[in-house]
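To start, the structure under review is shown below, and the notes come after it.
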Amino acid sequence: MGNILNQIGIENYIFLCVVLFCIGIFGVLYRRNAIIVFMSIEIMLNAVNLLFVAFSTYHQDAQGQVFVFFSMAVAAAEVAVGLAILVSIFRNLGSISIDNLKNLKG
Amino acid sequence: MIHIPDFAHATTVQIIFCFLAFITVATAFLTIFSRNPIHSAIYLVICFFSIAGHYLLLNAQFLAVVHIIVYSGAIMILFLFTIMLMNLNEQRDVHRPRITRLGAIVSFCLICIVLIAIFINSKPIVGEYDSTGEDFQSIKVLGKILLNEYMVPFEFASILLLVAMIGTVLLSKKEKLNK
Amino acid sequence: MEMDTNLALVLVLAPFLGFLINVFFGKSLGRTVSGIIGTAAVVVSFLVTIFFFNQITLTGKAIQITLFDWIQISNLKINLGFLLDQLSLLWLLFVTGIGSLIHLYSISYMHDDENMHKFFSYLNLFVFFMITLVIGSNLLVLFIGWEGVGLCSYLLIGFWYKNQDYNDAAKKAFIMNRIGDLGLLIGMFILGSMFSTLDYATLKTAIAGAANLNIPLLSLAALCLFIGACGKSAQIPLYTWLPDAMAGPTPVSALIHAATMVTAGIFMVTRLNFVFDLAPDVQTIIAIVGGITSLVAATIGLVQTDIKKVLAYSTVSQLGLMFLALGFGAYEVAVFHVITHAFFKACLFLGSGSVIHGLHGEQDMRKMGGLRSAMPITFWTMLVSSLAISGVPFFSGFFSKDEILLTAFHHNKALYVIGSIASIMTAFYMFRLMFLTFFKDFRGTEEQKHHLHESDGLITFPLMILALLATFGGVISLPGNSWLNEYLAPLFTKVAGEEHHLGTTEYILMGVAVLGGLLGILIAYIKYFKQDNVPESDENITGLAKVLYNKYYVDEAYDVIFVAPVNALSKFFRDYIETGLSALVFGLGKVTNELGFQGKKLQSGSIGLYLFAFVLGLCAIVSYIFLAQ
Amino acid sequence: MNVSLILIILLIGAFATYLVGDKLASKVALFFSLAALGCSVVLTNHFLAGESISLINAWITQPKISFALNADGLAIAMLLLTVALTPIIIFSSFGNEYKNAKGFYALILFMAFAMTGTFLAADGLLYYIFWELALIPIYFIALIWGNGDSEERRKAVVKFFIYTLAGSLFMLVAFIYLYQKAGSFLIEDLYKLNLSACEQLWIFLAFFLAYAIKIPIIPFHTWQANVYQKAPTVGTMLLSGIMLKMGLYSVIRWQLPLAPLAAKEYMNIFIALGIAGVIYGSIVALRQKDLKKLLAYSSLAHVGLIAAGTYTLTIDGLRGAVLQMIAHGFVVVGLFFAAEVIFRRFETRNISEMGGIRIQSPKFTSMFLILVLASVALPSTFNFVGEFTVLYSLSQINVWFAVLGGTTIILGAYYMLKMFQHVMLGDKNAKTFADVTINEGISLVVIIAVLIFFGFYPKPITDLITPSLETILNVINKN
């Protein structure tokens, strides 16, 4: 079985992931809705995951996929906790706009 | 060095890749630009599916399946539930001031350029993509690796999930306890 | 040798002991006793000096005494030591001799002053420092005395310290002297670094033996030393303190500002004649400065109305003549004039003191007159001294002044003319003083007239002695047969003066000088005796006389040129630079504070902003790591 | 027996003073300071007999810091200055009543302890610790017992504290850098380093900042006049008499041997700075209205000359500087004490409100005059010996340095005599000036005696310091 990357080229995956990652960053900066910010973070995570898998294929090695597996677990945990926090913030402040979250002030 | 797909002589795989990539990027953008969080969530689901398609394309079936289950299934449901719980709609989302948006676009372009420039500058040695022919990503193999080499992290992942669950429950319940 | 050391210590320390006794016990001892102790202390020194003087005239050998190491500097070691040679003993003779007389005089003169014991302690201290100055075996010991006499001069000028004007005069004297002292110090530094010694004897041998002398540097040293001498001996441009110094009691003026301290500059130059001989340019400068000083001071003296001021300017003028002689390398001539000048000027000052005493403090000649009958002894002694200073033949001043003018004639005709004019003026203003003070009718108040009396014996006795000396003092150096020149010969490297052959030229010059002197006296006689002129009161003085009366406005000029700018600078520094620097330091603190304050605003707590910063930082770091290379 | 004994005595003294309570505090402090003086004299005798009284103990192994006290002639001279001035300073304060006297006197002894430590320390970090330790007591002394408006005082003192501390931090950086190179803080190890010219320059500048502020050399002097004015006289005496000498001593002990190349390269600049301080200080002093401020600026002028002397890098310059340090220490303590004596009677430091003291107290006037004259370096006072030597060394570098530095002779006489005239002379004014008490007299007489004795016979001190200065010069000239 030939390597699928022979037909696509690893660079294209890299470009795709970079663009995806940047879109994630863009979303974080662009939106104030905390939920969308979360989604953007997920996009970034996925961009990285995709790159892992691409390189896993490139190296013909399962390590990358294992890592993606763990990262998914962490992402799941993160989203669960993060959303719970958002919910409680929403209950307290009545809004989830990150502009309202200014308690980090020194 | 940037490999421009030659559409005239494109293989099926290449066409599929381009198609999937287009969907991924487009839906990612739509996720961000949608006014309505529900729409965002829907677009994100599509985005995740397309990424799962990439996984399949790379022959990582197990991951593709896990990805769909975890992301499209669990995480997105969580998102949707939260959105509905908060009853968010377009009106509640106030757009950021223009300067912020401009800044966001500028930094988006900047980081894109920087990352791509790095990649171009690094002159990667991409030789022939060798294929050992060995099976390295079937469920069987992955399972062996996970439960042998990565036994301890695997267990920690489960502990992490457990802790996350307890934390989530506590966080959500705290309000009620105070009342 | 042991004996010599002890005796030398007695010589130096006797006045110091007198000082200590008067300082600590003076008040309880009473005025007369403290005066006697003070006088006795100086007399002891005088006796010891005579002893040494006899010894040295017999043996002709200088006595060098080293007490202990004083200051140690890498290449020169400075001892506290004494050198008793012909020059220092000669100086000591008239310092202690005239000093004794003036102490004696002061017992009576200062008797009414509540701080008499203090006066005597200062006088003793002065004599102590003066002896140290003269007797020191190296320049630094000289410097102790040099500054010490300056200090005593300060204390004595400001003796009546309740009057701040007197204090100003004292301060001025000290500071002017210090300007000279700086010159002296620099001169010492240069000599020290050139020859690694400041000891006179070794310095002399070192200079004699030096192969390649750096003459320009040596000249610089000589010039600096001369600046020192200028300060102490009141030469242009540092002479203005001396007339002001007349604020002190009259015995002080006689002792310090006429006979002894002001001659220290001449002493120093004579002492270091071997240095000055090698710097002909500096010698020329000395001669010119001396000549100009003598003329300028004499012109100012023409119109002064304060009896002591006249004498003060006369002193400056005479010192100028001495420097004129020094400038021509005629050291023994200068020394001769120092000695005769000490006699007649001390006598004149003491005489004026006697007059002032008799008039209860009146110093303005316009309010005197006709004192001849009331104070005959004072009159006669002062007349003798005036004749001496005017250069009337066969008085001491005639010989010494004549020698100076002769020397000047042989070297530089222009300076000879200047010196001669100064001499004529001297004769004029001295007799102006005599006529105004002692002749005609008394112009003071009735009350003063009522109290007019001759001073008592303690005052007149020194006057008579000094008058005698002023008359016959010239015998020590008669033209053609000079005891002084022979006595001083070992000191000088050159053949002691060029023995002037008493040819026709010399006799003509002598005649001219005598005629000049007589002319001056004659003018004074016509103006103030025949025509009965009295100097105008202050506001009526006009024209050139006003300029002269105001001393060419030199004091004012110095105020404008030096004092005022320094004060303005001080004010500027204090008000602007200081506050500016202070503000700068505070400013640094404020900038830090402000930065913190502004930085605080960045920490707004807005997550959006943080994210921006994060992304930009990421860009920066990533591009630095990957793109910078 | 070694020098740590003196440190121990002073430290115990500080604690004992604090514990005995307000009434006895001054006496106990005097006792301990005299004990330290006696001990120092005994130790000096041991030293002169050839015994070593130094001490080196390992202290912290990682990083390598030792408790090293090195007593060579120079350090002993400064030690003697400190322990001789401390009892005088304490004794001179007997005429004043202080609130919380136990704290006050304990702080004085503690400061003496820290300063002694600074002079003796032979380990960079130990030295640095003592150096900073000395700052703490003076801060409190000036802040709590000072005079004038408390808000202004706080401002001046805090400025002083931060300013000197900020300067010292650069020195700490330099020490850390040196430690990286040498692997030890011991002074001998640091002396052995061979640093490049560039490194030396930076180290020199770092030290310079610390010392220039402490000494102070213009334009880093702005803290001085204000603190002198605001601090209680005892604090001023400690500052001007001893603490300034810490900076000057450190220049000789640390800065020059550690960065000799830089010192040689930029010698003229630093000498010029010192001399600029002389002229500037003198000129500013001319127009001061406050007696203590005037003395502060005169002090600025004098230390400027001393600093110029040290930077000549000649044996004369160093020796003259050390002699002048000691002489200046005594004379400035005397002058400030005289100012305090006047303040006790007139309740003012404003020169224009004084005058007429000579009529009322000739004794005090004489003593004050002697101090003034010593301050303007009249020959036969100790100051002359130092000033002459320093000026001589300057003339060896460049005659113009000596000429400009020598203006202190003229300007110094000008402002000091002007001050003397307005403070002491003149007719009686409305205020009465009681004659000096015996206690005050003793302090002044002791100081005057020291000044005049060493003015004629400075040989003991010269002999004490010369060998160690030569050793330091050898280190400087090793390359």
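When the chains are written out, they are named A, B, C and D in that same order, and each has its own residue count from 1.
Just so it is clear, a residue touches a chain if its C-beta (ideal position, glycine included) is under 8 Å from a C-beta of that chain, and two chains touch if they have at least 3 such contacts.
The shown structure was predicted, so the numbers you read here are calculated from the model rather than taken from an experiment.
Core chain by CA centroid proximity to the global CA centroid: D. Between the interfaces A-B and B-C, more contacting C-beta pairs are found at A-B.
Spacing of subunit A relative to subunit D, judged by their CA centroids, is 67 angstrom. For the pair subunit A and subunit B, the distance between mean C-alpha positions equals 5 Å. Note: centroid distance subunit B to subunit C, computed from Cα atoms, is 102 Å. Distance from the subunit A centre to the subunit C centre is 97 Å, each centre being the mean of its Cα atoms.
Across the assembly, subunit A contributes 25, 29, 32, 99 as residues in contact with two or more other chains. Of all residues in subunit C, those touching 2 or more other chains are 608, 612, 615, listed in ascending order.
Taken residue by residue, subunit D touches two or more other chains at no position, since every residue touches fewer. Chain-to-chain contact here is organised irregularly, matching neither a line nor a ring nor a star, and falling short of all pairs touching. Listed by label, the pairs of touching chains are A-B, A-C, B-C, C-D. Only residues 25, 28-29, 32, 98-99, 101-106 of subunit A touch subunit C when the two sit together in their complex.
Listed in rising order, the residues of subunit C touching subunit A in the complex are 600, 603-608, 610-612, 615. Only residues 1-3, 5, 11, 13-14, 17, 21, 24-25, 28-29, 31-32, 37, 40-41, 44, 47-48, 51, 54-55, 57-60, 62-63, 66-67, 70-71, 74-75, 78-79, 82-83, 85-86, 88, 92-96, 100-101, 103-105, 107-108, 111-112, 115-116, 119, 124, 126, 128-134, 136-137, 141-142, 145-146, 149-150, 153, 157, 160-161, 163-165, 167-169, 171-172, 174-175 of subunit B touch subunit A when the two sit together in their complex.
Residues 1-12, 14-16, 18-27, 29-33, 35-36, 38-40, 42-43, 46, 49-50, 53-54, 56-58, 60-63, 65-66, 68-70, 72-81, 83-88, 90-92, 95-97, 99 of subunit A touch subunit B in their complex. Of all the residues in subunit B, the ones that touch subunit C in their complex are 96, 100, 103, 107, 110-111, 114-115, 117-118, 121-122.
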